[in-house]
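Here the chain labels run A, B, C, D, E and F in written order, and each chain numbers its own residues starting at 1.
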Amino acid sequence: MGNKDIIKITLNLVAICALAGVILSVTWTITNPVKLEKEAEELQAALKGLIPQADAINKAATFVSAGGKEGTIYKAVKGGKPIGYVVSAYTKGYSSFIKMLVAVDTDYRIIGIQILSEQETPGLGDNVDKKWFKDQFRGKTEDHLVVIKGETNTDIQAISGATISSRAVTNGVKAAVEALRAERAKDKAL
Amino acid sequence: MDTEKNPQEAGLFRASVGPHISSGESVPHIMWTVSAALMPAAGLSVYYFGLRALLILVVSMVSSVAFEALTQKLTGAKITAGDGSALLTGLLLGMNLPASVPFYLPIIGSAVAIIITKQLFGGLGYNIFNPALIGRAFLMASFPRFMTTWLVPHGSLSLARPDAVTGATPLGILKEEGYDKLLSHFAGRHDMYVQLLLGHRGGAMGETGVIALLFGAAYLLYKGYITWHIPVTFIATVAVLTAVFGGDPWLAILSGGLVLGAFFMATDYVTVPQLKKAQVAFGLGCGIITVLIRLEGGYPEGVCYAILLMNCFTPLLDRAFKAKKFGEAPVK
Amino acid sequence: MAADPAESAGDITDMFKDLFTIFIASAIINNFVFTRYLGLCIFFGVSKKMETALGMSMTFTAVMVISAALSWLVYNLVMLPLHIEFLRIVLFIGIVAGFVQFADTMLKKLNPTLYYKLGIYLVLITTNCIILAVPVINSDEKYNFLQSVTLGLGSGAGFSLALIIMASIRERLELANVPKPFQGMPIAFIVTGLIALAFLGFSGLITI
Amino acid sequence: MRITSFKGGVHPPDNKKATASLPIVDAKLPERVVIPMSMHIGAPAKPVVGVGDAVKKGQKIGEAQGAVSVPVHASISGKVIAVGNFPSPMGADAQAVVIESDGKDEWADDLTGHEDYLSLNPDVLRNIIKEAGIVGMGGATFPAHVKLSPPKEKKIKYAILNGAECEPYLTADARLMEEIPGDIIEGLKIIMTILRVTDGFVGIEDNKKAAIKAMTAEAGKVACELVVDTYYERDGIQYDVPKGCRMGVRVVPLPVKYPQGSEKQLIKAVTGLEVPPGHLPMDVGAVVQNVATAAAIYQAVRFGRPLIERVLTVTGPGINEPKNLRVRIGTLFEDIISQCGGINRKAAKVVMGGPMMGVAQASLGVPVIKGASGIVALSEKEAVNVMDFGPCIRCGRCIDVCPMGLNPSVLGQLIEKGRFEEAKEYGLMDCFECGSCSFVCPSGRPMVQFIKWAKRELAKKKAKAS
Amino acid sequence: MAFFLPLPSTGEGLGEGELQQAVLHPDLLNVVLKSLAFMGGIGAVFGLGLAYAAKKFAVKTDPKVQAVRDVLPGANCGACGFAGCQGYAEAVVGDPKVSPGLCTPGKADVAALVAKITGKAAPEVIPMVATVFCRGDECKAGRRFRYEGVRDCRAAILVAGGDKTCVYGCLGYGTCENACPFRAISMGADKLPVIDRDKCTACGVCVAACPKSIIHLTPSAKKVHILCSSHDKGPAVKKACEIGCIGCGLCSKGCPEGAISMDNNLAVIDYALCTHCETCVLLCPQRTIKDMLDPAKEQAERIKLPKKEPQARAAGER
Amino acid sequence: MAVSYKKLILNGIFSENPVFRLALSLCPAVAVTTSVRNGFLMGIAVLCVMTMVNITVSILRNLINPKVRIPAYILIIATYVSITDMVMSAYSRAAYKEMGLYIQLIVVFAIIISRAELFASKNKVLPSAVDGFGMGLGFLGALVLVGAVRELIGKGSIAGIHLTGGNPLLIMVLPTGGFFVIGLLMGLFNWIDQKYYGGRPGGVGGGHH
């Protein structure tokens, strides 16, 4: 094998790489905007789903959430006046980080929560995405963000067999509200 | 050649390679003895948890033996379901369940224990994992709700599923609510130890009567059917580590399934290392994992998983430790 | 690269704690094979004999660490600045394939004995999920260089542990009377299922 | 003064009561004997007589073939009526000479003894022992003269007589020690002379009090006969051979457990030394002979009598009148048993030797050979049936009892799957087939059969390869 | 301490933050160029590296070995005398003295292919088949004692040489059945092995496995066999077995081709001379000689033989 | 090589089924098959990638230098996988979220490279396409089957339709259950094979070639 072969082999590989690069960059240029747009749409839909009466919900601040991940605070505005906030935050669950949206009114009363992603045990932990569980948070203040095993009307009832996940979400909500409080204390304009 | 010289007119001699006599020990004898040694504890759990407990145990044992016979028939193997090993597996599985579970749980558990864990590997002697514990872990993963609903000792004769009266296990309370709460639950430290020893507390059927378990274990030790190596290292490791991490070592020993696990399940010949040195390592590993799970894990109790995890290492331990051959320089 | 809390704190012990956690998590608690169900093809393929399992373990761990390092370098120093993250799959697997081919050629010449021992495993590595999963996690989690390499090392060690356990079990199974239809791969699956069941004991090993 | 014995071992019921106190009696002169040419380890002897030849008692009828072989002698006087293949108690048929008695029982004329035997040259002694056809009578039938000819570089320090008789049922050696301790000790002195050692030992299991007593008394005499001091200490034990003695013989009571009589285990118990795997006793400076062998050596050297008879125990539930008999080599089992009241319906299995290591017999038409220490007829109930043995439950009992520190459980399982080579890595070759493992196995696994089988297959393979 | 590893995932995120203009509306040309440069660079680096390595560290391998390996059956039975198929492939390519026809299971076809690849002359291969030289089943030869132990012929001979009345006869514990890598042997109801002549590849594994050495490879075209291995004298044979060769020599004398000779009380056929005339089959008083040409006749003959209960030779049950 | 297309496809589905026979590409078979739907989606993704890769490799087979064959094939696979990944992320977001990482891992599935290497690099375009399609179909079938069993036992439903009440065996939708189901199915197939077709014991392979 001579030097010519080396060049040939190299060119061979370079050609394939280049071809792949071109194809992929073209595909990406086409698909990525679509993907981002859809993501944005989904986010807006999720945010709007929590505070439907808002005119606009926009990003207002970021903070460090569980596991060093970035949390975001969105401000919901109606008629130019803030009517509430949506906090996107992480919480450490049973077997994964649970990512969720927590909607709060200006008095820090929970409006609702949304689970964005989790990888808890199917059939157990993933029941945190069940409507009855999430609905419990509506109208709660921080004092009542306590997990109870068994029936409760005032606090948060644990999903049976998944107390850890239940507690994780509840604590996550609490942490989100606290983070919002802290950010608002820092940034009066918020 | 001359073959007509047969002096024994009645028939043919028997012949085999030696030895021609034996100690008379047999597998069924061992298995039935171990089952018998569990009877005091089983009796105690029936006393505490009522007739229902008895029925769960019976269902578990009968279904284990039935599954054993069934699979052996299907695979065309010799049917040895009466040798007591399946019965023992069923008994231990039953003792690992709360008395409140529905009756189909022990049946599913036995199916997993006997068919998947034992017979698919070739039956007695070949399984890698402790069948009863796999049965329990399987049920735990499948029906966590049933498996963590504990009965308060009540001695009822009713067979209905008493779903209202549930009580937490000591370790559950410890994990969820802390040591002080546990003490108040038992009205004092001394009372707690006594209650735990007598088994008057929530838990799986076989876990509760520590004193009865120790009684049976002592008998097995005396008969030489089990040796001290695994149980003692296992329990000592748990006690010491618990103390090191600031826990109550006596509570650690008396609560959970430690005594049952250490004396009756971590000693199952088939699934633990053969050599005494390796057995000590096995017990040590069991102890460390148990404490890790109890202190840090998602479960309040770790004995079952600790034994199963160490079962994974049994073939490796068997390889790692070799007996000293006669005449060989001692191995370090 | 992104800010990392341990790094920015600048605390050496914290950093080691963090690295240790990553190592233990990836090697034991969240073992890729038994709790993440990755790398199964090779896991089943080479765990029949202890000898091959050991060979694969060494080879795999080495390749794992090197490719984690290389991937991190190229990804963080070239791709991120250029905004061409979308090429990362191609790049990660390309690095592994290229490196493996390179090592294969070299080893064959330089140390034939080692090649006959380990060479066959080299080729297999390119078709192992873990080899791709690790750089993907590293980029997803925005791990720094040391963390990435630790994850590579931990994953390699974890895979080795899984292989060695499995090989010892399968060698013992050769003495067992497994029913004919279940001999070989089926019983290996059942064993892995049972080990995974045991590893559930580690699940939730987190503080709350 | 007990020394630690070996690790492991088992305690089978000893069942020696029936014959322990029965004196040795001479068996009736057989009408016909079948004398196999191979009663020893090594090449079979070659017949030197033909059909029709008249022979006398003690006359050589088979010539040794090679170094590890011994000649064979007529055990009665009479006429050779056949030379050919006949059933042997060791298994397959083997070449044998059949002699019909003339009833005269005359000794051959050329047998000469030596009055002053201890002053003979060792080489002369060895030759006498060889020519007398003496092999180990403890069961292994290894030619005694070979054992007594260690290579020069091996310094022998201990001559040990094996009076352990750890097999259940057997009492022949114990009776010998009680009845003719003098012969045995003289034999030992000859052995010590040949090997030029000063330290003689007799190991006897502690349950044979009478034998220990008789032998101790006899050994004491040795100490007083000869000159030169020997004081020494070994392993914390003081051995003080009385002043003025050159040779010392010490009787060592041994813990009662099987296989205490096995060579390596005996050496360990007596001297504290362990013979390393793959090595011979002489590598630690020891030579072990059975007590009966020693007595036979004395007989050969002193009176010139070749090995033509031996003492054996005929016992077991299947024998009507258990006895300790002195029988001619070549006597058929059936003839012997008929002198013991015959065999009864209880007998399910007839074993040559003890029930642990003995060889089960297909029929009683087999002759007594030099290594036959007993005939035991076991009952249906006590003879273990290994036909439907179960799988190993890994209980580890066999590992605990194996006196060689092997793992019989793994050996058995490997061999069961035909993996002989791997069994070798687990120490297959170090197993001396004592059967302790099978004895304790709750699954009744025939480990000894597995092991013998594997050794045979490996030997076959090796023979094929070379 | 939290031993907790995140699962890698891509599907997790909702696009957050302001969408960068550049990312949302990428400049196609810019992206393509960057990718092209990057991928080209990567390709060049790897290409050069690999090509250089391939040159610098080139090792010669013989493709013939693989080719031979591909045509071999891959049973690793060892009939060729090498360590498995790979061993034979290496030897036959590397060593000019190794014949291409050593793979018995492969028969002539494989021999021809191997010969072609290695450029050696194709050897002549006479197709062979395994034949069991014993007909002393449970009815015709009995047991001397009740054997107890491992059910394997090689283990059974450890006890007094085997329990069959005939010391040369088949023990019937099926070692050959288990040994045959091609599953060509099954133990018949009469405890004698039956060889499936279609499945048998003449690998010889059973021949080596049988401790009584009573399986032999015979030319598969030849179908008259003297199925006895006993070298005992006539009376002894008669006592031990009904169907054994008593060494009377009638067949030897009667064979028109002179194909049968007597070897130490046992008649042996020289297959090279046998012409299937069947004279011997009719002559043999013990019916030891089996004619496989006409199985129906053989069957009829078997039925004619008086049947006895198993162990009839033994002195009855206890 | 004379090939019957039907045989090629049947080959992929039965005698050389990637999961049950060749024991390749097992991770997704265990991890994503918690339901019929997931198994189906994954199978489709693999089917597409495989067919395209085989076609591409077959077209380029004479242009690629044997010295860089493996890296080149992997590049081709990676390209197709990336395309699938991007397209799914843009146009099939729900499925993409569930498949998560495993779409990217298609790159390393041994079955794809092994078909490229063993078949497509030696055959014309059409047979290669059919081979890839057949293998993909076999993979798809296996995943759907495993998914169906697990969904039925673990959730009491099939393809999302509820069939049984009561408490399902939760463990079956955990990956642990995946191992059991595949192991038991493999054993079952072997048993059928041995009983009715006289197959070899331990019929399933598990090699990488």
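Just so we're on the same page, contacts are C-beta pairs under 8 Å (C-beta built on N, C-alpha and C of every residue); 3 or more make two chains touch, one makes a residue touch a chain.
Please read all numbers here as calculations on a predicted model, not as lab measurements.
Give me the fewest steps it takes to get from chain A to chain E if each step has to go to a chain it touches.
Contact-graph shortest path, chain A to chain E, evaluates to 1.
Work out the mean Cα position per chain and let me know which chain is farthest from chain C.
Farthest from chain C by mean C-alpha position: D.
Which of the two pairs, C-F or A-F, is linked by more C-beta contacts?
Ranking C-F and A-F by C-beta contacts puts C-F first.
Using CA atom averages as chain centres, what separation in Å is found between chain D and chain E?
Whole-Å distance between the two chain centres: 44.
Between chain B and chain E, what distance separates the C-alpha centroids? Give it in angstrom.
So the centroids are 46 Å from each other.
Once you find the CA centre of chain A and the CA centre of chain C, what distance in Å lies between them?
Centre-to-centre distance between chain A and chain C: 29 Å.
What's the distance between the Cα centroids of chain B and chain C, rounded to whole Å?
35
Going by the contact rule already set, what residues in chain F reach two or more other chains?
Where chain F meets two or more other chains at a single residue, that happens at 67-68, 71, 75, 78-79, 82, 85-86, 89, 97, 101, 104, 170-171, 174, 176, 180, 187.
Give the residues of chain A that touch two or more other chains, as numbers and ranges in rising order.
Chain A, residues with two or more chain partners: 9, 12-13, 16-17, 20-21, 24-25, 28, 32, 35, 42, 92, 94, 117, 124, 164.
Would you mind listing the residues of chain B that make contact with two or more other chains?
In chain B, residues 1-3, 6, 8, 10, 13-17, 116, 120, 122-123, 126, 138, 141, 144, 296, 298 touch at least two other chains, as defined above.
On the basis of the stated criterion, which chains touch which? Give every pair.
In this structure, the chains touch in these pairs: A-B, A-C, A-E, A-F, B-C, B-D, B-E, B-F, C-D, C-E, C-F, D-E, E-F.
Help me check something: in the complex, which residues belonging to chain A touch chain E?
For this pair, the touching residues of chain A are 1, 5-7, 9-18, 20-22, 24-26, 28-29, 32-33, 35-37, 39-40, 42-43, 46, 59, 67, 70, 72, 88, 92, 96-97, 99, 116-117, 119.
Name, in rising order, each residue of chain D that touches chain C in their complex.
Touching chain C: residues 391, 413-414, 416-417 of chain D.
For chain A, which residues are in contact with chain C within the complex?
Per the stated touch rule, the residues are 17, 20-21, 24-25, 28, 32, 64, 68, 92, 94-95, 164, 167-168, 171.
Residues of chain E touching chain A in their complex?
Those residues of chain E that touch chain A are 2, 4, 6-7, 9, 11-19, 23-26, 28, 31-32, 34-36, 38-40, 42-44, 46-48, 50-52, 54-55, 58.
What residues of chain B sit close enough to touch chain E in their complex?
Going through chain B, the ones touching chain E are 1-4, 6, 8-17, 296.
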